[in-house]
Structure formats: structure tokens, C-alpha cells
Amino acid sequence: MTKTTFVEQLKEGDRFDDLFLVKSVRLSETKAGKDYLILTVMDRSGELSGPVWDNVEACHKVCRAGEFIRLKGMVQAYRDKPQLKVDSVQEIDRNEVDLADFVVATTRDPQQMAEELQRLVRSVKDPFLRKLLNHFFKSGAIWDRFQMAPAAKGIHHAYAGGLLEHCLSMARLADMLAGHYEGIDRSLLIAGALLHDIGKVDELAMEIGVVEYTDRGRLKGHLVIGSEMVAAAAARISDFPPDLLVQVQHLILSHHGRQEFGSPIVPMTVEALLLSFIDDVDAKMNLIEQLRRKMEGGAMQWTEYQRSLERFLYLGGFEEKEVAEETNTPARQQSLFS
Amino acid sequence: MTKTTFVEQLKEGDRFDDLFLVKSVRLSETKAGKDYLILTVMDRSGELSGPVWDNVEACHKVCRAGEFIRLKGMVQAYRDKPQLKVDSVQEIDRNEVDLADFVVATTRDPQQMAEELQRLVRSVKDPFLRKLLNHFFKSGAIWDRFQMAPAAKGIHHAYAGGLLEHCLSMARLADMLAGHYEGIDRSLLIAGALLHDIGKVDELAMEIGVVEYTDRGRLKGHLVIGSEMVAAAAARISDFPPDLLVQVQHLILSHHGRQEFGSPIVPMTVEALLLSFIDDVDAKMNLIEQLRRKMEGGAMQWTEYQRSLERFLYLGGFEEKEVAEETNTPARQQSLFS
Amino acid sequence: MTKTTFVEQLKEGDRFDDLFLVKSVRLSETKAGKDYLILTVMDRSGELSGPVWDNVEACHKVCRAGEFIRLKGMVQAYRDKPQLKVDSVQEIDRNEVDLADFVVATTRDPQQMAEELQRLVRSVKDPFLRKLLNHFFKSGAIWDRFQMAPAAKGIHHAYAGGLLEHCLSMARLADMLAGHYEGIDRSLLIAGALLHDIGKVDELAMEIGVVEYTDRGRLKGHLVIGSEMVAAAAARISDFPPDLLVQVQHLILSHHGRQEFGSPIVPMTVEALLLSFIDDVDAKMNLIEQLRRKMEGGAMQWTEYQRSLERFLYLGGFEEKEVAEETNTPARQQSLFS
Amino acid sequence: MTKTTFVEQLKEGDRFDDLFLVKSVRLSETKAGKDYLILTVMDRSGELSGPVWDNVEACHKVCRAGEFIRLKGMVQAYRDKPQLKVDSVQEIDRNEVDLADFVVATTRDPQQMAEELQRLVRSVKDPFLRKLLNHFFKSGAIWDRFQMAPAAKGIHHAYAGGLLEHCLSMARLADMLAGHYEGIDRSLLIAGALLHDIGKVDELAMEIGVVEYTDRGRLKGHLVIGSEMVAAAAARISDFPPDLLVQVQHLILSHHGRQEFGSPIVPMTVEALLLSFIDDVDAKMNLIEQLRRKMEGGAMQWTEYQRSLERFLYLGGFEEKEVAEETNTPARQQSLFS
Amino acid sequence: MTKTTFVEQLKEGDRFDDLFLVKSVRLSETKAGKDYLILTVMDRSGELSGPVWDNVEACHKVCRAGEFIRLKGMVQAYRDKPQLKVDSVQEIDRNEVDLADFVVATTRDPQQMAEELQRLVRSVKDPFLRKLLNHFFKSGAIWDRFQMAPAAKGIHHAYAGGLLEHCLSMARLADMLAGHYEGIDRSLLIAGALLHDIGKVDELAMEIGVVEYTDRGRLKGHLVIGSEMVAAAAARISDFPPDLLVQVQHLILSHHGRQEFGSPIVPMTVEALLLSFIDDVDAKMNLIEQLRRKMEGGAMQWTEYQRSLERFLYLGGFEEKEVAEETNTPARQQSLFS
Amino acid sequence: MTKTTFVEQLKEGDRFDDLFLVKSVRLSETKAGKDYLILTVMDRSGELSGPVWDNVEACHKVCRAGEFIRLKGMVQAYRDKPQLKVDSVQEIDRNEVDLADFVVATTRDPQQMAEELQRLVRSVKDPFLRKLLNHFFKSGAIWDRFQMAPAAKGIHHAYAGGLLEHCLSMARLADMLAGHYEGIDRSLLIAGALLHDIGKVDELAMEIGVVEYTDRGRLKGHLVIGSEMVAAAAARISDFPPDLLVQVQHLILSHHGRQEFGSPIVPMTVEALLLSFIDDVDAKMNLIEQLRRKMEGGAMQWTEYQRSLERFLYLGGFEEKEVAEETNTPARQQSLFS
């Protein structure tokens, strides 16, 4: 079954019969003692909630958070907001759905990104660092999670695949800077660019449609977790030079640039300084890119106040992209999940 | 040979023949091309420098930094400062000296401190935390270094044995607070008090008479190093609960209390909050104790401006202690090294 | 008449006939020129508002802010919020009500706290400080107000009796620290713990159910007011040593620890430093205790973002207490007012 | 005996026989066991030190800190600095000296300032505030000390009479602003201008030639002391309105403008806001005036870096004043002390 | 046609037929595809919005933002807020309306302010500065806009004519200070007071009823724009001394007092320091004046929390003014626009 | 005459006869009334001072600050510092000296840098920006001064030609970033990189061997001066789009990135954000490069504490460069001045 109706297109009065992801379901009771469900469903374009009054028990079995359902119903207005009115729900197997319909994801091609990452890893001359990178980026659970991870919760690159996109962009910048300035250890800087946020794989718990901090993530932070992950990996590579490990750990631990931003130590090597710069630049540029993609037309205009930057921005949209974005269906990223 | 002459007692014109530690030695050359040495020797009371003009080559062999020598000479005035005039130097075996003559050390009895630590460890009810503490504090290289370590470079508890003294004082405070407030995990808080600075054993390179940061110490910081050490130890204890490890790591990583003070994450558990408080209190109280010990008499008076506290302090000395401290020989701490 | 219905238990449609405290009453007029009242009543569990359409004049006479009434009515929904519908009101004498039903108060036994305070005062060795403490804590208007005062408006110990609870907790900590560190003036530190917030008695105007700043409180602050109160008391104690008074005033004036927190001078004596620490610890620990009391079960979980601490906290509830708190009636603190 | 030789005029080799104030005297001992004195004398233009080798005992009796002596001797060079060589000293009665020769004082006429102050006090319409001002400024010990006090230790108006000069300047500004803005309580603002620093009379111990903080001054600060002094004075004025006292205390307590500058509360009334502004302006303008008086000629030039203002200033001197200041004798302020 | 109905007087159910300014108009479409307008009209007392269902096309032609209309209709309640119900609209020529009915303006007489400005300009002794001032304040587009400009968007003097009022107040303060302190260049200080915000004429786009930043204003800021405007004016005055121009530009560029407040350089001359002070004082005093004008009666009371000042204020109203302000019609300022 | 002796090579006792630049000369008088000169001479390696006792009048005519002299003399020790002893001085024409001997200059080839700049200018597609760049960088006084200017006084690129070197490095980074991120206006970013510090040409007065702020530079700052210079240049280019000028001015005014760093407005366009980043990176990288060039060997080591970065750095030298830098004569940069 191919999903054709997306939440953001639904208007009051619309009827639909399509696939949705159950975000949450809560059993409640009226004053009169009657059971009912409050059901929230979502797809990649938004979410919709409403009560389920009939067949509550059967419906409750089908509608479990994180599962997919086929939902027939319509959109009603309730206190000026659209509300879901459920007619029927039906269980759907996860294999029948295209995950790309349910997750906001990078617009870049995941396959291409993976290949670019491999090329970058191969270009690292230092054999120990190359082995270290292969440990994380060749295959396995970390690699699987890394590909799907957002770079942050709700700020920059906040979508599936965003972490990979961010690391690749930084690695390309690292490559440029290593060519621009004299005496930069390119292997180290590129390894730092690719590994600096590796701890996020463990700091963030990513389910379809939900990103949350893990307890461990909050109590230790992704810098320390990343530093530990790299140490564990290096321990499995024979003769990995201890000083080199300290350098990589320093890159990871110091990449927030300042202690008040959560780095236990400030960047003290050339590579660590450059890494903290390009992390900052790339994060801000992605945030701006997101703002520009939402603009209509290329003309310069003022954005809303951007709290994270503490300023208004004066931006133009990406003119030539407008055509593509004006198609009716929200853009899909099939390859990421196929 | 028993050392009887200490640097702080030497006045212009004094002759001496006693044991000293070579702090540094530098071969130099006069304009006329003649070799000479600039020798700096020290004991626990201070240091003294001067040129060596005769037997330079032989003297250079004997006077290596970190080694002990028997030195005959006198004190001269040179540009209003006392200068060492060397008559002869003689090699001395490290076993022949009493290390306590050369190192500023805690005034507390090391043996008693070790025993108190053992009692505290035994009082920890959680079996995993008790095993973890035994891993560090029973014997072995870490325990040897821990006993000798200062708690900091030049601020509080800045003397051999100071780290142990600081951790014990904190553990006693932890014990009190665990009794005072409801719902404190005493095992965890005491483990945190004893382990919070364990990374300093690796962050600081302690030679006799010199404390320096290691490269690794500067590039990672003792919080992250300590967190790693604890993880490594827990990995060797079978079935050590992962959540408990995270709690201990959180205590260590957050004990500076604020990110701008170098903690990658702020204290987020009750025990972590209390630990950061008692670390702060105990460090400041030791700093004040050092100031008070230098005062004569018990009368309240104003200290010099204390840069680390950004204020003047109004303190009285410890009256009853004055007698002991007025003896001519600088106080010795034999037991620490015997 | 014994109050059995509490605001927090009232649901839409419920009818009641019980005692309430009038929080505010406002005479208003419809567009059509008809008078009506907007009445807000409260008890210790919450408050409820609604219009009074009938017998407006008579009702207005009875319903004066700060007075108790017997109120018959029901709960209606109005714009999705519960609203008071008044059937009748009747004047009630203050002596007929149990004040504990109307005020959020400390869970500790006031009598026990008063006795503990007396023991602490008697344990103060310095005779002048003991007399000073007796001046405030033996009897009289200040003592009456002190017992009933919250320690703060809406942050820590924000309930009747909270100030006494806070000061006692601090005094016990002071006692421990005076035993732990050498050279602490225990008399002074305990006096400081008990008197540090004495100015709040004047800074805050406490009526039943309302705590507000006085003009004088806002324009001078409780630190300066407390310092003045202590000076006035000392002036009545013959031969009170001027230097000792300055020390006590310094403790009060500096106990916020830093100028940016409102202390005109920073702590400059050992006792003042310790006092500012334990004030900070005890305030934060009470805030956390309040959070933990609201949790169900003992399992660790993340709190809401705590603005005053600028962080999330990871806390477990007090398991054994849960039973008591699950009883249907909100916990009462009879002894405080009887 | 009229003083004619001033320290700042003395050059190497000069002989002199004149009056000086003993700033300090210290008995010392040579290595050889011989007693000698280290004597420091001063006048309003500077100070000079040197050893006294002969008649040590007799000389020690005469030369007590704070006393005046007739000193014969010469200036020698010692390590490139001028040193005092004493030939003889002789006791001098304080009545025989003109104090103006020994104290850096305001250039304004003290008598005129006192009269202007009286006029300002008489112009205050509120009878209670007028009485309050008369309490401080009519006569008595506080008035004597107030007239001689500097406004600060080493920053602005740092000379005898500076406090009076500063308060008068502020009162004139207060008068202007009360005329400029609507609804200013002129009586209150002028009272605030005259009383805002009254606590300095107690905070600073002023001996001839020396200004030091008192213990009490450091432990309470001049804001709180001033607030107390005003309360004590008001207590002696029958029916002094309590609210008015709180207003005056608020002016004093808040006049530093911000908590981080030591005000326990920030200005919250119109008069308090204006007072904190004019205190700031007048202090900075006096600092600048001092800089300009030291400049030669009227041309604009850059000052040294001014640490208290964190900037360089671009100033011109006071051209017409140069003539007066080029006279050989340092300017005298006879009237202040006669 | 004379406007008699003002928005702030309109209550639910009121009918009206009066002049309004169109603030905005937006063409919209119902789900059913029917066009309608959302019209917002305003006068100086407030604004009102509502849908227009009939004669949409004709109405759309008449109701253009910034134009005046005669509007017949009534006030309805819609979700508890008053809503405009339009019966008919009619085009009105701008000359037929009294602009003072539509703009919040200074309460001072514009003519008097203009004359006072001229007197101040004539009093400036330096001929070049006088010419410079005449350039801006004699006539022409800048002068026209200057007279109508608010001093700020929504903070102090935020009403038509506010900028002129603010500059005049500052110039009078400048005059006083130039008389109070020695060695102030009065010409320069008064020129600075009058010109310091001249860039706002360009930074802010002022339409009737709307004040917005221009792109240029946001991208350069009024300090730099003002500095440029002065340079351009000076370029037209023959022989304008370059150093004098730099002084005036320094006054403008530094008048925010600190870099973090947007001054690229801090005040470094006496006049620049004074200017930054009086700008700060006058802005705060106007903000307070606005608060006081809204108070009823003269009694002291606490304001709401003032975010821009980070405090509550304790203010009394202007008693004698109350009479004037209690008249039913919102105060008019005819002279500003006539 | 070719200079062969450089100040940094001169040791006590050395005689010399070579070319020097007069840095300063001051006529003084001994106590005995004899005239003498205090002469300070310099070359690119350092400076040397000493008194001139003979032929004072003739010598004074020859030795004017900023002029070149042939100086015969020797080096004496005076209070442990080398002092100049002058035997004779002789006037030298500026054309006879190689300026490169007297100025610390960039190690890059000035001719190559000029050509690279031209290529970059030609690559700017926007015709107005290209014209604007040509206005500054084609020829004329500004271009002459620009080439010789340091990028800063004593921090980064603090040597002749440093400004050009810095701007070129930034322009290359700008080029890379414009290729890396989508939707960057490359013309604008490159123009910003080349022009951002153009105001320094006016802010700094650069004489041979001396860099000082101009009065105008200090009172306005190079950001505002640069913005004015660009506006003046654009005014001469027909039809220069006003919006484009505002964009360029915004780049210049905001390039310090934050108001507290002296930018009157923060970067609000994409290009301005990127420009402030690359300015920061390039300045820090040059500072580090200077540190690395002073290191011997390539091994990692800790630098002194770097106050401008508030940290120690862990750097390795540039190994392959060491050979060149070990030559005896300080490196020369002939081409810059020939």
C-alpha cells in the first residue's frame, strides 16, 4: 500500500484512508466511566490526535506506539484545531510501509554519502587512524545507527541522516583547511571531523519518529561517551599509538570549543582548534540552510528572531530550488531506508 | 647521614655540608669560552642556586636533576639575593636520605590516613562499590601514587599526601550529609568522595620535589581520565551494574559543579550535587587552614588579597598550635616515606 | 465544623458544602449594568473562582478577603476550566476552623522543632550570643512570626514553618562542620545559622494563605533588615562586645555568598564562608526534597527542567513514604496551628 | 617653624633641615647584631626612607609614626633611588606645624564648602530631612571627620576634604535634575546626595597621611554602616516618619546602582536611580579632572591606560590654570586645617 | 468630519460611524472558495480587526494599508475578544482627517520644542558646529522626519515627536553639566546631545501608525548612519575642521557607552562620557514618566516587573496632572500635525 | 653600504660600524648642567639605547627620529643590560639603505601577493564589486599603504605586509567556502575578505619601524573608517547599487562577530557570518604559525601561556623549515621594499 495522504495536507472535513505511524496512545475514562483512547498518529509531515470512542479494546491492541496502522477517518475541528475522527484501524506490517514516508530525513542521497565517507576514510594516510575509522564506519551496529542519526535534537541537521551529512561536510572543510594552512595533520583533522560526534550514537535513542536522550547520554554527555568509544576501538587495534589516541580523544573532548559549552578541556592543538571552528560554522550554516529552504522566492528578507543565534537574519531563498519544492507531495528520500 | 641544615635557615655567610636534592643543572659558557654550571638544589624548606666554576665536568656527572648530593659550600650575597657557592659535591644514594627532608608533605599521619580510608571502604554497603574502591585503594601502583599525590598544583592541599587528606575529609563530610538528609545513597556518595580526583594520579606527574601536568593530563583533564579509570576497573569486576558505573562516572565528571569550571556535565543527581559542594568547601577550608598556620598568634587579622577567592580574609591563627610551630627545625613528616 | 472537601479533589459536577478561605472578591458590573461578584476561595490544596449573581450585596459583606466562609455550591466547566458556582455563603468565625486546613505547612512537628531550637541555643557556649538568640527565639512577636514564616517566596522551604525548618537544618550542619574543621567558632556559626534570615520576618508579610514582600522589605532587603534587628537586640544586652556584633552582622550580610546575589559584602571570615555554603546546600536540598516527594515510586527518573538550577535532575522518590502519601486526604499538619 | 622643603623637590645630594611627619619606623638589626632604624618620613608631596645608624635608642623615642619631627639630613642615591641620610631628629609639637603641609587636600576652600553645605541644608523643604541633615552636618565628631574625609581610597576625590567636595558637587547636580524632571522629591534627592557616603566616616580610619579601612568597615561596608547611622539619627528626631527613613536608607543602600557593585538592592525609586547616576558621573569626572590637572598645556592628548575605566582617554589640560600650577611650591590648602 | 469615536472606548455591541486608518488588509478564502477580507483599522487609542464578507472587491479597493476610511459597523464578541463587524466603508482624503487622532505623539508643544531647539542652536558658540546643526535642524526632509520621529521602537520616548523631546531634554542637561564641570566644551556637548540619534531618521521607517526598521537601519545601525550623515553635512561646510568632525563622530559612535550596547568604540573624551550618561538618564527617566502617567493618584506603589530595567519600581503618580487625564477623550496633540 | 651587523647579534664588548634607524632621541641634562643625548637606534632585529656625551649639538642634528645613520660604537654592560656607547654618527640618505633591514616583514613574496590579489579581483563576477576592489587595490596611496600595513598591532600578522597576507588568506578561504556551501554570493564574500580591514590603513600610522594608532583611528575605529572609505569609493562608481553598498558596509561593520568585540552590529547575512568566522580562524592560525616558527624541531611541546587565547597550546614546529631558519643572519624580505 502506497501512502498518498500526508498530515500537512489534511484540512477540516477531509476524509482519508491511509498508513500512519502510532506516536502515542493513552487509555482514558469519561466521567461517566466509559473507556476511550486518545490516539496520536504521525507521518513525516506532521501529527494528528483524536479520541477513539468505539471498539476501544480491539483498537488498543492494534494501536501501539511505534507501530504502523491503516487508518480510516476524517478531520474535524475541535476548539479551532483539526482533530482526528477515527472510523477504523487495521494492523499493518512494518515491511509493507516505506519508512521514508514517516521520517524527516536528509535530502542528500544516503548511498552517495556512504561512498563519499569511504573515499574520505581511504584518503587518510595514517594507517592507525584509517583502521580506527573503518572500525566505526565499515559495518555493524554503530555504523547502522550513525547513518540514521540526526546531528542534534531540534537545532541543526535535526533529521535522520543529518549526523552523517554534518560529518561529511566537516570532513570536506577539514580537507580544504589542511591544504590551506601549513603543517596541519590532515589524517588527524579528517578523523576528528568524522568521529567528533560519534558519542551521539549512544547519547541519543532514536526510534522512528522520536529522538530522545538516553540516561547515560545525559549523565555523561556525548563528548565523554565518544572519547570512550574511540578508546575502546583503539584497544582492539594492535599497536595503536597511545599518544595518537590521546590526540583523537582531545579532538573529541574539546570540539565544543569552550568549557561553558561543555568541553571539559579547550582545544589546545592546531587540529582541535580548526575542528571546533568548522563544527561551529557547519552547524550554523545548516541552520541557515533550513531557514532558506522554507523561504519562497530568492529575494532577501528578514527571518523571525533566531533565538539560538540571538539575532534576526537577512536571507534570500534558493531561487532555482523553488520549482522542485512547489510540487504537491512533500519531498521524499526513498534511498535512505531502502 | 642525617640532614640538619635546611635552606630556609641559611643566611649570608653561612657554611654548610649537608644533603640536597638537585633541582636543575645547566651547563653554560662565559664570554671567554669557559664552561660552568648553574646548579639549583633544594630541600623541603626552599631552594638555592649558584654557579659552579671548578671541576665542572666531574660535577656535571654527579649533579643530575632529581638526584641527591652531599654539598659543601657557603652562602654569598649576589645582587642582594643569597647565592650558592659550591666547594664540593659528592654522589649520594637515594636510600641514604630521608625523603621527608625533601618534600613538603601533609602534617597528618599517613598510616592513620590509610587506616581511616580502609575503614571507610569497609563501611560502604554496596558490594560493587566496595570492590571498586578496593581496586584502587588496596595496593598496587595507583594506590602508591595516590598516597603521595597532592590534591592540586599550588592551590589547596598542594603537598604530598594532600590528595588522600582531601578525599578523606570529603568522605567524612559525605558521611555526615548522608546522615543528615533523607534519601542519600551513602555508598555512592562516599565512593564519589574517595574517587572524584582519582584521575589526578594520571594527570599529574609527581617526581620528588616537582609536580607537573602530563601531556595526557592536559589534553584530557583529570575528570575524563578518572572516569576512564573507573570504567576500566569496573570492567574487571564481574557483573558490575552498568547503571551504577554511569552514576559513579557522573559523580566524577560533574564534581567541578559547573561547565565553566571544566565539568562536561553539571551535577544532576542528589549525590553529585552534594559531592560538588563538599569538594568546594573542603578545598577552600584547606586553603584557609594553610593561611592560618602561617599566622602568629590567634588574633584576628587581615590576610593579603587572595586572588583565588577574590577577596581579603579576616582570620585568626590556631593559637594552641603556635608552640609546636615555633621550634627551629621545619616540621618533619617522617612516616609518610618510611 | 470539620472540613472534608478540598479544592484539589473537586471535579466538574461535584456539589459541596464546606469551609473555605476567601482569597479575593471583586465587585463587577455586566454591560447591562447588573452588579455581580467574582469570588475566589482557597484551602491548602488549591483555589477556585466563580461569579456570584444573586444576593450580591449580602454576599459581599460576608465574603471579605482573609475571612472564612461556609460555602455551598458546585463545580461547573467554563472554557474547559473548573469554575465555582455559588449557591449560598455563610459567615464563619476564625476560631471554628482548623487553620491547618488552609495553609501549606512544614511536615515536621512544630513543637519538636521549637524544642530542638532551644537545645541548640542552650548549647551555644558564648554567653552573649546565647542571650542574643534568646532575645529572638524565646517568645514574643518575632518568635511567633518566625515559627510561621516560609523560608522563601515560592522556591525552597516555601511553606509555613519552612524558615524554622531551614534554620534548624543549617544549625545541625553548622554543628557538624564545627566539629569537622579545626578552629571554627561554633557559637558564632550556630548563631549565624539561626539568625541569618531573621530579616525575613520583616521582609515578608505573611497572612494566612498569602506571602508578600513589604515595601520596607523590598527597599532594604532582608539582609540589611536582619543586620539592623540584631544590632537593636544587642543594644539591649549589657556589655555585648561590639566586635562580636560586627561578626554576627557580617554573617548575616554576607550569607548570600556573592555580591551579585545581593550580599553587600562577600564572606570574609571562616564562619561566614561556611554559613554561605550551608545556606546554599540546604536550600537546594529542600528544593530537591519537594520534587522527590511528588514522585511516585522510588525509581530514578528525570524531572522537568528546573529553571532555578538551570538543569534537569535525575531523581528517585522516597519509596517508603509513598504509602503515607497515597491516602486520599491531603496530608495535614495540625500541630503547627493547634 | 615654617616648612619650606618638600620631598618632591629633593634631589640627590641636597641637604635639608625641615619639618616632616613620621610615616613609619622599624627597629632592625644587622647581621653583626647592631640595632638600627628604618625611618620613613613624609609630607604632602611625597615620602622618603632611609636607615638611622646613630643614637638609635633616642631617635626611636622621638620618631613615632604619626608624630612630627624636625629632621636634618641629606639625600643620597642608593640603588638608583633617593635615600634619606639622617643627621639629627628633634621632637616637634603638633601645634607648631601647619597640617596643610602634610596632607593632600582638596583645592577648594573648606570654609566656602561648609557654607555651601549649610545653604543646601537650609534649602531642603522637608523639615524631617532638614533635621536629619543638621544632625550630621552641624557640628560634632561626625561633621569633623566628614570634612576631612576623602571620598575614596586612591580612586576619585582621594584627598582630605574630597568627600565633602564630592557630596556638594552631587547635591548641586541633584538640584539641577530636580528642576529638570517633573515629580522629583528635591528634599529627598538632596538629602541622598549629602548622606549617601556618610558611612565612609566610619568605614575609613583617617590619620594624618594615612587612610585605611577599619575592620568594621570591611566587614559591613559603608552602605550598611551609613544606613545604620541614618537610622540612629532618625531615632533621635521625634516623629521622624518611618517611611521617609526607609526612603533615605534605600537611597544609601542602592547608590552603587547594581548588586555586583555592592548594593544589596538596586535603585527602585526615581530619586535612587538619579542618585546612583550622579554618583557615577561625579566620581568619573573627578578622576578625569585629576588627570587633566597633571597635563601640561591644553592640547588634546592620550592618557595612559586607565584601568578603572578600562580605556585610554583623550583629554586636554586646563590651559588657564597652568600658570598657577607652575609655581615652585606645591599648592597649599591652608584653610582646611586652620 | 471630526472623529469622535476611539477604539479604546468601543465595547461589545457598540455601533459606530467614524474615521479610521487602515493598518492592514488581507484577502482570504473560505474552505468553500468564497473570498473575504480580514481588515484591521486603528486610531491613536488602539486597533480592531474583523472579516468583511460583502462587497469584497469594492471594499478591497478602498481599504489600502495606510489610507483613511469612513467605517460604519459595530463591535461583536468573537471568542471573548471584540471583533469588528463592517457595514460599509468609504474612501476619505488624507486632508480631511486630523492626523493627531491617529498617532500617539508627544504631549509637548511641537512649536515650542522647535523654538527651543533654535535657541539652543544659536547658543552654540563654535561657528562650525552651529552651521552643522543648522544643516539638520533648519528645514528640509531630515528636519521634517526628525520632528516626527520617536526616540525608540517601543521603549523610551516611543511616540511621534519623542526623538525631538529626548534630544532637547538632553541638550538642557548638557547645558547644565557644561556649567557645572570645569573645562567642558559646551558647543561640542550640545551638538552631541542634538545629533547623537540623528541616524534614527534613517534607521527607522515611520509611516503614520507604524514604526519599522529599514533594512539599511538594521544592517548598519543608527550610530554608523548618524556618523555618516554628519560627515556628509560637514563636507558641505567650507573649512569644517577635520578634527572637530572626528570629535562629533566620536560622540555619536560612542554614545551607547559600552561595546556590548552597540557602540563600536567607548567614550574617550569628557564630552563623550557625559553624553553617554545623559542619554542613559534621560531614556530611563522617560520610561519612568510613562509609567507614572498611567498611575492613578500620587500614592507610591509598585509597578509591574520592568524587564528593560530588570526590577520592580516604587513610584508615585503625578497628582496634579490626574485631572487633565481623567477627561473622557484620549488626550490630543493637535499642534504636532497642524 | 650593506648592513651586516644586527642588534640581536651584538654582545657586550662588541664593536660595530653599521647602518641604523634612529627610533628616538632625547636631549637631557646632568645635575651638573651638562647636555647629553639619550639615543635609541633600531633595525629589524631589535633596538639599543645609550647616552651620547660628546659633540652633542652636531649629533642632535643628525640623529632625528625616523632617519638613518651610520653609527660607530660598542656595546657596554650597564646594570646588567647591554648599552650603546657611541663613538661617532654620520648622516645617511634613505636611498642608500635597504629598508628590508629595518622592518619586520611578511616572509611571503610581495610581488606574488599583489598578483594573487589581482587574480582574485578579476575573478569577482559582480562588476560593481570588481570596480570597488580596483579602486582600492590597483594603485594609489591607499594601495601603497595597504601593502605595507600589518594586520594588527602586536597580535596576529603583526609585520609589514601582514594585512595583505591576511586578506589574501581569507579570500582563498572565502573562495573555498563559496564553493562548499550552496547559495553563497562569492563576489560579495571575496570583496568582504579583501576589504574588511581596509580601515586599518587609516587607523594605524605606519612609519618605518613604528606602528601607532592615529587619533582618528582610536576615536572612530577601523570598522567605521573602513565603512566610510567604501562608501566614498562607491560614490565615485556610477550607478553603484545602494543595497550592494549596504551589504559591503555590513560585512565590514560586523566582521568582529560580536558587539563586545567592537562590531556595532552582529553579522546578519550568510556572507557576514562566514566572513567573521574566517577572520577569526585566520588570525588565530597566524598567531599559531608565529609560535611554531620559533620552535626548534618538529616535536610536540607546550607553549608558554597564550594570554590572547587564554590557554597553553601543544604544538610541533615546522620541521623542514628549520634548516633555513638556522642561518646566522636574520631572514630578509628584500622584495617587499625593492
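Here the chain labels run A, B, C, D, E and F in written order, and each chain numbers its own residues starting at 1.
Please note the rule applied: a contact is a pair of C-beta atoms (placed from the backbone, for glycine too) under 8 Å apart; a residue touches a chain by one contact, two chains touch by 3 or more.
Predicted, not measured: the structure shown is a model, and the values here were computed from it.
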Contact distance in steps, from chain A to chain D: 2
Selected interface, B-F versus D-E, where C-beta contact pairs are more numerous: D-E
Euclidean distance of C-alpha centroids - chain D vs chain F, Å: 46
Whole-Å separation of chain centres (CA-atom averages), chain B against chain E: 66
Where chain E touches two or more other chains at once, by residue number: 215, 218-219, 268-269, 312, 314
All chain pairs that touch each other: A-B, A-C, A-E, A-F, B-C, B-D, B-F, C-D, C-E, D-E, D-F, E-F
In the complex, chain F residues that touch chain B: 11-13, 300, 302, 312, 314
Contact footprint of chain C on chain A as seen in their complex: 31, 79, 215, 218-219
Chain F-facing residues of chain A, complex: 169, 172-173, 176-177, 180-183, 266, 268-270, 273-274, 277, 280-281, 284-285, 288-289, 292, 310-316, 318
Residue numbers on chain E that touch chain F, as the complex places them: 215-216, 218-221, 223-224, 227-228, 231, 243, 246-247, 249-250, 253, 259-265, 268-269
